[in-house]
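What follows is a set of structures to go through.
Here come two complexes built around chain A, the first alongside chain B, the second alongside chain C.
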Partner chain A sequence: MKKSMFARLGVLFLSVVLLAAFGTVAAAKDIRVGGIMDTTGATSDVGKDYAIGMADAFKYINSQGGVNGKKIKYTWFDYGYRIPEAITKYKMLKRIGAVAIMGWGTGDTEALSPTVNKDKIPYVSASYSAHLTNPAKTPYNLFFSSDYSTNARCCLTAWFDKKWPNHPDFGKRKPRMACCYQFSSPYCSAPINAIKNQAKLLGFEIGPDQDVNLMALDTKSQIMALKAFKPDVVWHGNTVMSVAATIRDAYALGLGAAWIIDNWGFDENLPRLAGEAAEGAMGATPCAFFGQNVKNMDLVVTSAEKYSPGVPLGKRTIHTVQAWGDALVLWEALKRADAAGVDITKKGSGPAIMKKGFETMRNFDIGLGAAPISYTATDHRPATGCRVQEWKGGKFEVVEDVNLKKRWPDLWEKSEKEGGFFGY
Partner chain B sequence: MSSVWLPCGDYHQDYREDQGWWQTRFIKGKMILLLLVAFVVMPLLLDGYWISVATMVGYTAMGALGVQLLIGYAGLLTLGHAAFIAVGAYTSTMLVLQFPWPQFMLDAGLAYPVSILAAGVVAGFWSVLFGLPSAKVKGFYLILTTMAAQFITVDFVLTQYISQIGGRGQAFSLPPGTIKIGPWVIDTELSIYFVMAVLLSLMIIVLANLLRSKPGRAWVAIRDNDIAAEALGINIIWYKLLAFFVAGFMAGVAGAFWVCNTAALSPEHFQWFLSLWLVGVILIGGVGSIQGAVFGSIFMVVVMELLQLAVIPLADYFPQLLMDFAYIKDMAFGLAICAFLIYEPNGLAYRWWQAKNYFNLWPFSY
Partner chain C sequence: MKKSLILLIALLFGFGLVFSSCVTTDTPVKPNNSNFVAPKIELAGFEVPQYDGYWYIAKTVKPTKGEAGDRGAFLPMTFTFKITNPNVYPINLEEIKYSVVFDKSFMVMTTSDQMSNWIPAGMADEVKVTTLVTVRSALACLLVPGSVEMKKRGWENWSTLEKWWKGIPEGTVPVTLAECGFTFTAGDVTMVYPYRVDVQ
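For the complex of A and B:
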């Protein structure tokens, strides 16, 4: 009896799943946009806020009439930061007719880029890997922010400009730099070549890299290894949880180095997690922190209150704002493509959305404290530099707005092989 | 035995007959029909998405076959199979990208097929290396030594050294057109599916043949009682290592195949969870059965995909479903294993066996 009950329940469950699954195909004709997010995996410490922010942004966009009157149907999934999962999610989103996809991590975005190129679907990612900025290789990959390599170069340059001259050893020896990041993570390792080249350009001595896992809670052995090198500044390329663990351990063990951090490791949670160890930490900020007084931030804050009332405003971070940055860029591209006569509800409209939408943007201002955005058919680096901020006396302060293109115009245009900054 | 049907019941008179592949014309017809379904009907009927799902089923089954051989047939518990798949994937990728192939081989599209074989061999020997402790330990202890394979291979060797080759660092991308078999460029869902179908069919044929030969009988004897097997004169260390080699070889081929599916590679593709997933697949499919590995793969991949599709319309009413989807999926995976262990411990393959027996014995009930 029990067994037959189990069998019946099983059949009932499968029937519901099958009905719902095949019902999915016959949906209304909206603009289908897909999303692949991490709300439970290794980068969920920052990914959850981004995912919620993205959902808020699309609700807001639809409340404003969508794209010239056409509503966006945003369908997204958590993939738990597992690349094979991201691939199956991508294929499912392609099947339901997504004309653009909002992606997440560098590993999966880079893994998917050959497929994205083949399918010609604009892929707006939260991965800002510079490997995705050369349209000759990745013509459908985009993001609103300065890329990781630019971030890393700018952070090191800002420290060199503003902090090194105040160091007691300034003028006596070369400054020393080292890197902490998870070696196996394409996100963490993406800007390492770039920052080392920048260090050489600025005359640094470079120390041994330290492998810090994205889930690390204890990094004392890495700090002890760093102490042997005595770095003046350390780049951290992870997300906030492991960054906080590292700088806490460095503080406790008296490493005495300054920290420069990539954007996913430098948010409102860093001082909460690291306490006084976060004092003086500097990081790349592609946009304003949540709630800061900049253009369009009111939309972000009111939408957060309205559409995600279960998440207190005090817990929202810069990653919500980053999600808005990517969503607003897509919105603008879709509006431009639609106005140019492209059928943006149609599967396969990707090339036209790129050409008539994204690649028409020149110094487009999305607000949110982000740099003006430009995409061309030959260069998908949206910004030429980045703002570097510092956690000081209980608040974030601007250290320097570094503009690499202005400072090194020749190198900005040249590729890695030619010793320049483009595309890596 | 020349009849179309076997008489009701089991009338095999010797081992050769019992283990024969083509026992009746009906069985031969059934297998030809299965091949037709796999190679003709499915590619004609399924759209690109479902073809890609079928490809994932095949990839999972390729990995699960090796786990099935180790756990189900040789009794060697393993939780490090993802490492051997990774070795295969990196061997194939490195050979395709870095090896100085003679031009005629590139023109003839032989580089990738040769790299698949090489991937199998390298992964096979790598697997033997981590199988060496099986000479001294078994059970839970062997699980730990195979888990070491994951950390040493993926987190250390591949991440720290292999990924750095060529200066790319951490992720390799294979440029379009790199993966060719003969004149065919493998870059569409359908062509990838066909590669999978051919490789999986070959792997099943080879494994099925091995299992009905001397090594297969030795593996089963070791699984059932290794001391008794040794007393019977079976060189248990040799056969255990052979099991690791064959399982590693199949994992290597699966890894080489994965490369053509993604055209990009990083150590993150081969997280430890994949090893656990493959063990779950054979638990659900049925331990000690080749069909079990295939049924388990179909169940795990297809059910998870259906779950994913089902969530889309439901998400309008329950948005939290999207946020927690990975948890839901992991929960479904865990629940499926629990449910099968409680209600169907012999797995789906047992149900298949029962259904076959029912028709074999029909019209009698036993």
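For the complex of A and C:
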């Protein structure tokens, strides 16, 4: 009897010890999320703010209890916009057990896509290339924003709707459109087919493309080449530094064309860098500018102050907001997957995070002035259109909210091969 | 009976140990936002831990071994910080986010070092972080975010890079740590403090 009592006490003691030990391990288990950012490379003019914004967002998420009580351990690296380095960093993040990765550029995201598919790790990128939106080809690639092709189509459509009717030649001839971008950059070239097809759809005459390097400071030769074509509107697909240089040169040389710009070239720094040449420039804005009065912007601004106090608020841009957009969709996906019983701390939980998390979102509202977000198992285009804004009189103004799906429902569903909008 | 008593005492002692370890992890004063005092952050040292000179090899040049590419000399930099914790409870230094600025205006890199570095109450600790830039990465900075300032100063990229690579190890080029954020945690409290210092 006594022996039995001591044996029971012994078992109880051992159980307490084991529970204490493993309980500590369980409580300490974080959700590993990786980040591959550009803070020193060719797109660091916009990448640094995005990287800082992303780190702010994860600190905020953890301050709110993380994912249903589980903290996110976010580890990020600068890869300097070099694809080999992005691949190395990706492998490292995979080794440390990242269940999702926040990526950056189109070149590296597209290069990593086959590996990501094989590893089944959700990869939320700052590349909004439409090539990444077809789950039949890239089932683990995601982003919160309208894709570059949609942005380009929307910008051209907004200019056609709102500006072309005021042109003296309206009704007399076709409008003329040309493109400036770095030919060799996957990011810059991603939406070029789309905008040209949109131009054909709307009845534009298309001029010769101009190769403008992402690091260009002098673009006079390209502007002189454009002068012969006399474009009414020029699409610019680079980031803000080279966009500003091109706009300045075009202004100085009297090109006289309007500018429509992809989102990474259209930010708060554009008017600072291009001065009065930026007046009237229009661009794709997948979310609000930093500090604009929209839902959840207060979280972005207060977190910027709290978590990056060394960076002046005046230097923060829309790219911080974009980072939050991607962080918030991941947060929501993880919350949904966790609530559905998925062990989101476990390596290899990617397929379940996709199925029970991301792909359950239907018109999910993240605020931030972004369009409602949907992902399905067959379509990762998060939004069906884009807000187009214009720099006018010292502030950004909405030109038009273009919804491609509503306006061209048949084309929205069709693939590129079928002459539609899907997948490029 | 005597043996049983000894066993019982041993078991109770064991329970006591387990539970006391849980109890003693709590600090007498619970950290909160209002009692958290800003730690003192000082730069205690700066060094270039390994110097490889100034060089750049364009991708058009075939290397003796390996693949060609646009590559330049590394410039590693180690910063040592002395952190003093004035709080009555231990604090954990979790992250140092910082940017390195050359010549007062050119932000050549931004990075973040994550760690778990507990500093006992009322004590100081030294923390080292090492980072690096290459001639190639610094060139990209001059060409993109630094291009406007370069134009304003009328400086040329390659001579600027050479001046930096030769002058920084010798202490003749200004180096600044800017836009720093030191993240500390204690209990459920997370505090981030800004920091900026002219290193040389």
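We adopt the following convention: the second predicted complex is superposed on the first by the 396 of 424 C-alpha atoms of A that agree within 3 Å, B and C clash if a C-alpha of one lies under 4 Å from a C-alpha of the other, contacts with A are read in each partner's own complex, and residues count from 1 in each chain.
We take it that contacts are C-beta pairs under 8 Å (C-beta built on N, C-alpha and C of every residue); 3 or more make two chains touch, one makes a residue touch a chain.
What you are looking at is a predicted structure, and each value in this text was computed from that prediction instead of being measured.
**Student:** Using the overlay on chain A, decide if chain B and chain C clash or can fit next to each other.
**Tutor:** In the superposition, chain B runs into chain C.
**Student:** Is A:Pro309 in contact with chain B, with chain C, with both, or with neither (first, second, both, neither)?
**Tutor:** A:Pro309 contacts chain C only, not chain B.
**Student:** Let me test your reading of the model: by the given contact rule, A:Trp76 touches which partner, first (chain B), second (chain C), both or neither?
**Tutor:** both
**Student:** Is A:Asp232 contacted by the first partner chain B, the second partner chain C, both or neither?
**Tutor:** In the superposition, A:Asp232 touches no partner, neither chain B nor chain C.
**Student:** Name the contact category of A:Asp249: first (chain B only), second (chain C only), both, or neither.
**Tutor:** A:Asp249: touches no partner chain.
**Student:** After superposition on the shared chain, which partner residues are touched by A:Ser63: those of chain B (first), chain C (second), both, or neither?
**Tutor:** After superposition on chain A, A:Ser63 lies in contact with chain C alone.
**Student:** Between chain B (first) and chain C (second), which does A:Glu268 come into contact with in this model arrangement: first, second, both, or neither?
**Tutor:** A:Glu268: touches no partner chain.
**Student:** Touch check for A:Met241: first (chain B), second (chain C), both, or neither?
**Tutor:** In the superposed model, A:Met241 contacts chain C only, not chain B.
**Student:** Can A:Leu214 be said to touch chain B (first), chain C (second), both, or neither?
**Tutor:** After superposition on chain A, A:Leu214 lies in contact with chain C alone.
**Student:** Report for A:Asp338: first if it touches chain B alone, second if chain C alone, otherwise both or neither.
**Tutor:** Neither chain B nor chain C is touched by A:Asp338.
**Student:** Between 3-11, 21-29 or 129-137, which chain C stretch has C-alpha clashes with chain B?
**Tutor:** The segment of chain C occupying space taken by chain B is 129-137.
**Student:** Across the two complexes, what residues of chain A are contacted by chain B and by chain C?
**Tutor:** 6, 16-17, 20, 39-41, 48, 51-52, 55, 75-78, 80-81
**Student:** Can you tell me which positions in chain C touch chain A when the two form their complex?
**Tutor:** Result: residues 4, 7-8, 11, 14-15, 18, 21-22, 97, 107-112, 114, 133, 137, 140-141, 143-145, 147-148, 151, 178-181, 183, 190, 192-196 of chain C touch chain A.
**Student:** Over in the complex, which chain B residues touch chain A? Could you list them?
**Tutor:** Within the complex, chain B touches chain A at residues 47-49, 52-53, 56, 154-155, 159-160, 163, 167, 169-171, 173-174, 176, 187, 261-269, 271, 273-274, 303, 305-315, 319, 322-327, 329-330, 339, 343.
**Student:** Over in the complex, which chain A residues touch chain B? Could you list them?
**Tutor:** My answer: residues 3, 6, 16-18, 20-24, 27, 39-41, 48, 51-52, 55, 75-85, 87-89, 91-92, 94-96, 107, 110-115, 117-118, 131, 183-186, 189-190, 192-193, 211.
**Student:** Sort out for me which residues of chain A touch chain C in the complex.
**Tutor:** 2, 6, 9-10, 13, 16-17, 20, 39-45, 48, 51-52, 55, 59, 62-63, 75-78, 80-81, 214-215, 217, 239, 241, 273, 306-311
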